[in-house]
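Shared chain: subunit A. Partners: subunit B in the first complex, subunit C in the second.
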Partner chain A sequence: MSATPTISFDPARCDGCGDCMSACVSAKSTVEYIAQSRIRIVRDDEAGCWGVAQCRQCGDPRCASVCPAAALAKGDDGIVAWDAERCVNCLLCTAGCIYGGIAFSPAEGHVVKCDQCAGAPQCVSACTRGALRYVNAAKLYNRWGELEDLFVPGLGGCQGCNTELIMRHTLRRVGPNTVLATPPGCIPGMGSVGYNGMLGCKVPVFHPLLTNTASMLTGIRRQYRRKGRKVTALALAGDGGAGDVGFQSLSGAAERGEQILFVCVDNEGYMNTGAQRSGSTTYGAWTATTPVGDTGRGKTQDAKNLPLLMMWHGCEYVATASTAFMEDFYAKLEAALDASERGFAYLHLYSPCTSGWRFPSASNIEVARKAVETNFALLWEYRRDRGLRLSRDIDDPAPVTEYLELLGKFRHLDAAQTAHIQRHVAAQAQVLRDLAGMHQDDGLSHCCSSIVPQAVRHETGG
Partner chain B sequence: MELFDYVVLGASHAGLEALRAIRAHDADGSIAVLDREARLPVSPTVLPYVVSGKCAADRVALRERSWFDTQRVDYRQQAAAAALDTANSRLRLADGREISYGKLLLATGAAPALPPIEGLSDVSFHVLRTLDDALALRDVASKAGRSAGRAVVLGAGLVGMHAAENLVRAGAGVTIVEMRGQVLPGYFDPLAAARIEAVFRDKGVEVLTGRRVKQVAPRDEGCTVLLDDGEARDADLLLAAAGVRPEVSYLAGSGVAVERGIVVDEFMRTVADNVWAAGDVVQTRSFFADGTPAGGILPDAVEQGRTAGMSMAGDPGVRPYPGGVSLNTYGFFGRRALSVGRDAPEQAGSEWDVLVRGGEGADGYLKLVLREGRLQGIFGVDVLFDPGIMWELILRRVEIGARRDALLENPQDTARALMSGLWR
Partner chain C sequence: MNDVVEKTALLADPAGERIVPGTDTAVAKKAPRILVCDGNEAAAWGVVLSRPDMVAVYPITPQSSLAEYVAQFVADGVLDAELVEAEGEHSVLSVLHGAALAGARTYTASCGQGLAFMFEPYFRTPNLRLPIVMSIVNRDGITPQCVWGGQQDAMTVREVGWVQLFCETVQEVLDTIVMAYRIAEDRSVMLPVNVNHDGNYLSNGIVRIELPDQTEVDDFLGTPDVNWHAALDPDRPMGVDPLTGGATGPGPALFVGYRRGHCEGMQNALRVIVEVHEEWARRFGRRYAPLVEEYRLDGADHALVTIGSMAGAAKDAVDAARDRGERVGLIRIKTLRPFPLDALVAALDKVRAVGVVDRAVSYGWNSGPVHQETLAALQHCGHRIPCLSLIGGLAGADLTQTHFERAIAETAKLLDAPCPREPVWLNAEDR
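Take a look at the complex of A and B:
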């Protein structure tokens, strides 16, 4: 079966105008009745967000599994089709669907659901805000493929490393109107700055010191502004260049609210130079400088939480993302890019290091996914005006050991060390829960609160 | 002797969902699905509509044979299990054939439980579980309707209520006798049940709750039903719908533990090696880990079937079955009642919150039950919401908090908004 189309919804672009619902009603109404809209835009006042209830044409539709009359079935066209002739109106399908995608319509006297209007969904055509898109499921990713790849083919990364994915996808989206800074680390090592006098990418790129990436970008961005040119100032830095050696300039630029998009690719150490520890290296991990032997048992300190530190700067936008959750990463990249036109945007990406962490090169994404599923890496998003929001439920994580077992750098852990890590992971999750729940008396640790005092935006440039 | 990697016994909701889950993970393993019926699978839930004539008997199959072929599943009809030898992984069929299995799923559902009523075996009565039952009932119901005969229905569960409605529509005079104090006990709270009951009374149904049948005795072609308070009703048609019992007759001596149903763990494994069970045949643990009723409904059979299938195939994505949540979408006389979850206990402590709107006379009735701010149950009559979202809110133990009043006011949109933020 080929890839099938889907209707995607971007809550950030929705303003609740309801044009899609009107379009659906008129598309589905007949002379006999006024139809019920098959798409429903809903407002969560508590969270201040718009949401959508619509059939997602699941690959494995539960509505069909619970239908006692075989009135629902997914066709080769990808549509979960409803058969009026067979339906007995038992409403069990409405119990099977967790998305509100099929519901009883009193006016029509039976359940109704979206059928994508035979390939021309009226709701999508009616949406002038770009919140609804009609895309081929595979094209969710291919959309990136259609954007120009701004790196040379064949970057020199380690086998199985996800940094190439991060670099290419980020730059594809940020686009050619960019000045890129890549401080010493894996990213220039992979070829961003080029070899033998040839550039590794199709945008102006420079190689600052490990210490001054954000300062240099500040000057470049301001200079372009002075010239009246809108250019994105983008950093692709490692965790050392961002959080340790480079922290002073990063912190300064964030505090000043410079219009920079700073992407930190966190592989938890100085992996490019032989896997030395960094401030982001986790407790217990083996590195070249926290060896395991008769006395040493890996790193003895916990990693510092760099993205949270950045949040406390009151940046315009701070988020964590993982290449195991690309759609989430895309959405955050989009938001970060947008925010970087107003102020400082910081995106923290988890990047399992195939060589330094010691795991098979085929399992990078698997490792990244496990990190998230065990709460080892927490995915969240902070917007200055809305506060911190968790990107996924963190209340029911898989055991941390499922993650630790995947990595050679943790092979030596004893029970006490494992327990330490478990405590630390739980504590970090609790911090996030608390932050997400701040100023929210309903306790739904979920959306949109303002936790960091509104940062006073300093006049930049000029 | 024939050997299959997987044998699924019972081709209904639990068995079919398990098949799908097995094939989703194991593309090559050999699978046989055996069913005692001589026809394509039919859901018990659709039977009331066969009785009413809404569905033609040849248009209700859950799957066509081609579906099994596409899945490369050996589907066999008239293959009723008679005995199970777990020590040798072997199943004996009623016709004497034997089949060996690598892994076995028991999904044989339930059969009507006959109430211990004196004289029941001496009279002719109906039950409703199989297509044959439905066809037989359809014929006598239309006959009873034409002759304005009398029908007595034992039990006001879903089966009894559906059948009673069909009988009234056909033109019969109907009496429902229910032992417990309300109709649809365990499915709806007393207030919702009272509303439903009122509609039945309006339609001329006699509803006797809190009453037992003491004895039945033959009378002409029908019978006389004697109640515990001495009253009697004549019946041209008697329907026994007083609950179900698991279909486990073939498990004697097999070592598979059976209590109120087959005993299973959270991956639907029975105590016997390589034997799983799912659906109405198992004893379903309640999600709430209390005495609230669980199991015996179609969505549970599907969930359990999927869990069992994934576990059998070794699918690493398998999640433990969270326990049953009572869930009903009940349509009656063109109206709709929905229920998900549990009601508050009689002596509810201060951690419980019960919100109700729509008392007597109001258009719709809705009741929300919260415990420590989390949804436990929602019951509605003539108020629409998405049961699937409510079910998930309960399973995820989502805090409703400040949204409780909005949820009572507009359960559909409020829950959808919560859903949209929580799971994408």
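Take a look at the complex of A and C:
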């Protein structure tokens, strides 16, 4: 996936020296006056650090949307460009931007804003402390941002919840010609189906039972296929509804090759009902039903590997993904959506739970990233015709303790428990290496796909 | 049975030509087609005639051959339906939930443990107001292990909110399945219907039946419109079954609205069941008592109350007793849910004592379920009459004419002596 560059700012490294502003003035202004800088370092007394006011090159720029003259537009290069020919100097953009990214320059006689110096931003070059960096941002966020968010604003998820992020991004991409099943759990619990006559979603949406999501979608999808209508049957389910009490219906639908896109949002337990243990809960983890006490030390069994179990069904497509690696997630969502036109597609999202796992709500993405970097969460994809491939290198993981120590649910772990988890992580990684290796090895180029049973391939509906 | 032409899964007409329902054939307006088959095959023909969009199946004795017949009909092209061979009864009914919400006319069949396993979606079906038709090939419940007939399955779920119809004969099984779609899909009803036929007796008993004409059935049933009230359709986006309730706000009243609407649908069904049976008699020439059948009640001073296929042997016993000069009759319940209160009270008002024969047990009352229902109805009678519980036919046990002669004798005792609290276990002495 291609990317566009952007200027990032790290307040922890900024000492407020102002060299960046001087560099900007030198490069861009016709007058040597510091207030002409298009980047401004300002003191944030409340936070006790320096902040930056500069154009963020937004995906959905407010300056452009309020401009009555179409003088501002987001370009393919990622830059929000200002067009002198069109500008009528109304200054609405300066009110529209909440970042102080565009301002009127008396010296120039019109608004000015950062244009990243044609790929060589002088402010970044001038910053000796590394507070400013010129980095790549994914272009896809801009592209996907243009799709309609099909959930209503204001879902009642917990602060910092990644599940809401997954839901919104998934449904944006899958689109309105969809029937969405959300079995009981966090996903409908935050109001996505609705409450007392009000709706939470703009597509047909329903509560299946916790146990029968894939079966109800089977009936829906088959009836529309019978009628010659192409309707996506989408599930957004938790790990309990997918892998524990709902596993029979999930397994049956996968075995029959039903044309369903099943997304499992794995937060390793029954987090909506108060953080009880599920089959996906990690060994050693505190939950409400595996409490820590004089004799209890958390869960005493390893989690089952639900996505691998799904792979052995011979699904059309199976993959794991993480909210810390959104480009990877988007690529897999595309593939899964496409595969669901031919058969069963299963997408497993690792979704840390701020409430049930006991960590600060601001660090969810960081936790998700650390899970992947320690091999605790392994990212891979399986296609029936190509077998299993790893999505990233897993040969040099960080120690799993870097992940465990972020989470309150592991606070009580002793050395033996930690060692057990590290061994389990290593063993799981080796299983994946072996499965992926079967594919890569010349003599066994399709071994993995050939040992996985071939699901019945249904005719693609009209 | 001399007019039987051929015993086959597929029907042959008198000229020996294979006839496929659903196709226009020259014999459409001929005399009724004759078929010799058991109740499971008759049920499958009822399904063929009703043209469901989707059928989901999972095998269980004694329902299995019904599922097999339907699957074969689909494989042969006799029935144009999506067939889902689900991995269990729980999913069977769940598949049909989804299909119905997407607009499909649907069918399945189960019994006994299968019904127990599907209870979670079963419980929800009438609350979603989905007009699904489902045969229960009645089977007793384990434990002790048994795979034989009995009505413990259907009786155990009688408060769930399905319409429950009980058939006496194989012909009635076929006819009632077709009628069930008219009842279920009636806009004033919109409820699922169980068509009960006794395992073993009806599922495996082979008799001669008449097969209605497909075009006439099409005309009788009309075009299905099953999700006008609740749909999962991108062309009509809506949330189906959002959360309601809570102690404050509109939730409690919303919830009451759903419950009361469900009860009204059940009460409407009493009327619709009668109308549909009447129309069936007019169109197809076969008349069944829609709610409660009164058999030889004229001048009777006592009667048996029966349900399901046992009525055949019971009627023979009543006939024999009448021949001996005993003033006995029979009441057969066809519709158990909604409860046919007025029709049953009208029948009970004609006698001075009744014995209720159950093929199931109500453990808490030390009695039979239909006995309890009858006691409740008696509260609405003009006079108090004794009502004895008799339990028989459990786990496939025979209920013969001899058993019913005893039942009649035990009931007759009530005319002169107090009614025993203990039920009469009709098969307790069988060897």
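The rule is simple: the second predicted complex is superposed on the first by the 301 of 462 C-alpha atoms of A that agree within 3 Å, B and C clash if a C-alpha of one lies under 4 Å from a C-alpha of the other, contacts with A are read in each partner's own complex, and residues count from 1 in each chain.
The working rule: contacts are C-beta pairs under 8 Å (C-beta built on N, C-alpha and C of every residue); 3 or more make two chains touch, one makes a residue touch a chain.
As the structure is a computational prediction, the values presented were derived from the model and not from experiment.
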Partner chain(s) touched by A:C49 [first = subunit B, second = subunit C, both, neither]: first
Which superposed partner A:C117 touches (first subunit B, second subunit C, both, neither): neither
Touching partner for A:M21 - first (subunit B), second (subunit C), both, neither: neither
Touched partner set for A:K227, first subunit B, second subunit C, both or neither: second
First, second, both or neither for A:G194, with subunit B first and subunit C second: second
Which of subunit B and subunit C A:S65 touches, first, second, both or neither: first
Touching partner for A:P11 - first (subunit B), second (subunit C), both, neither: first
Intersection of the subunit A residues that touch subunit B with those that touch subunit C: none
Subunit A-facing residues of subunit C, complex: 53-54, 56, 82, 84-88, 90-91, 94-104, 106, 120-121, 124, 231-234, 236-246, 249-251, 254
Subunit A - residues contacting subunit B, complex: 11, 40, 42-47, 49-53, 60, 62, 65-66, 68-70, 85-86, 88-92, 94-100, 103-104, 106, 393, 395, 441-444, 446-447
Subunit C partner contacts - residues on subunit A that touch it in the complex: 176-179, 188, 193-209, 211-212, 214-224, 226-227, 231, 248-249, 251-253, 255-256
Subunit B residues touching subunit A - in the complex, by the definition given at the top: 13, 17, 20, 24, 43-46, 49, 54-55, 59-63, 298-299, 302, 306, 327, 329, 331, 336, 338, 340, 373, 384, 386-389, 391-392, 396-403, 406, 412-423
